[in-house]
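Labels run A, B, C and D following the written order; every chain starts at residue 1.
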Amino acid sequence: MIRIQPQDFDPGAELAAFSSGKTSVGGICLFIGLVRDYMGHDPEAGSEVRAMTLEHYPGMTERQLEAIEAEAHRRWPLEDTLVIHRHGRLEPGERIVLVAASSAHRDAAFEACRFLIDWLKTKAPFWKIEHTQDGDAWVDAKDSDDAAAARWDK
Amino acid sequence: MIRIQPQDFDPGAELAAFSSGKTSVGGICLFIGLVRDYMGHDPEAGSEVRAMTLEHYPGMTERQLEAIEAEAHRRWPLEDTLVIHRHGRLEPGERIVLVAASSAHRDAAFEACRFLIDWLKTKAPFWKIEHTQDGDAWVDAKDSDDAAAARWDK
Amino acid sequence: MKVLYFAWLKAKTGVGEETVTAPPGIDTVGRLIEHLKTLSPGHAAAFETLSVVRVAVNQDYGGLDTPVKAGDEVAFFPPVTGG
Amino acid sequence: MKVLYFAWLKAKTGVGEETVTAPPGIDTVGRLIEHLKTLSPGHAAAFETLSVVRVAVNQDYGGLDTPVKAGDEVAFFPPVTGG
């Protein structure tokens, strides 16, 4: 399932609904991405991020995420998948994204969950602008994200 | 943190407590293992599992899990880790284990989470006995678990 | 056709969405970009460095050679940074 | 020393925990096993196939050559199957 929304979500409630009553599921892997309070990779070097705003492309976002989800089901024997992604203004510590995959086997759950977030990061049309004391700055795409997604090319 | 207990846990409450108020955390990876209702890898071939009982070695379990957790922190830049493992009688669909890792970066969170469950599966002294209509049977260790753990040897 | 701009391409062009009636012969993304660059200095600036511009035609990723025609939805944006 | 058995080793020996006063010269896990096998037919059966028996001395994994001495806690069990 795909959900794009400005409001926060309750990971516990999502997880409970995701795993309930499936006696063929052996494992659930879940990833939550959060807003950090500094720019870039180095907390010492990066300016303090006071908030960020996530813009997206309504319509294409759903279309791309559904394609990513379908690809995960094609590659692994999954019971279920879930992607929730927020947009709008977010402050440090807030949840941005949740991805989850369940399967009879833990390797499939782990692999699919990581695949979902890796592909989402390079294919889903979201853009972050960070608000710092020095002004607003669009976040640059990271080579490490391209490399992470490229792991799954085949 | 390590917890060994017979009672169930609330993954939502655990997750909320695990992630609360850390603005330096970029990602949380969480895995939950559940009791399946069939023996082995093939739902068609495996006898129906009505319940299982998990025996453990009190004292050594905590000691080994603490060592596994310390090793994860040595290998990756983690904010926090959590391992909860139940023992006693469990029915299909019930939660057995939760492992979680949080980090500034998602790769570290994913890798550490998978490392924790892989090592736990081959080093933590738990043994499963499955209760089926044909009687009780101790679960054999899986070569695939040894292979999964061996990935982390270095 | 409908042309959309996101993130800093929206800031540079000054528009989020515009209806463009392309002259005859505008049948690929590359040719459409050449036309769009003539619309305003902001448009020209937005398309100055094409290596950092991504395009989607009818909500699927495309490239400079992707065909476009009247009625299409064409979106321009920087590399994505969600998740 | 204190000797513990888990899972099917407990079922075969018929005991979960026993205090063993080993004869002189029992200074390794391997020699301890030879002694334990003499305690009962169940003990002998439990140690019949050593390839499926794991050992921990004072709660750390060991092998046949691991030293043991009076006061140690020695545990025997099958390969683990938790998680």
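A few comments on the model shown:
Note that contacts are C-beta pairs under 8 Å (C-beta built on N, C-alpha and C of every residue); 3 or more make two chains touch, one makes a residue touch a chain.
Note that this is a predicted model, so its numbers are computed, not measured.
In the absence of subunit B, chains linked through touching fall into A, C | D. Subunit A and subunit B have Cα centroids lying 23 Å from one another. A straight line joining the Cα centres of subunit A and subunit C is 26 Å long.
Work out the mean CA point of subunit A and of subunit D, and you get 49 Å between them. Within subunit A, contacts with two or more other chains are made by residues 33, 117. For subunit D, the set of residues that touch two or more other chains is empty. Counting only pairs that meet the touch rule, the chains in contact are A-B, A-C, B-D. Looking at the complex, you find that subunit A touches subunit C at residues 33, 54-57, 59-60, 63-64, 85, 96-97, 117, 120-129, 138-142, 145.
The part of subunit B that touches subunit A in the complex is made up of residues 10-13, 15-16, 19, 21-38, 41, 43, 92-93, 104-107, 109-110, 113-114, 117, 144, 148.
The touching residues of subunit C, when paired with subunit A in their complex, are 4, 6-8, 56, 59-61, 75, 77-83.
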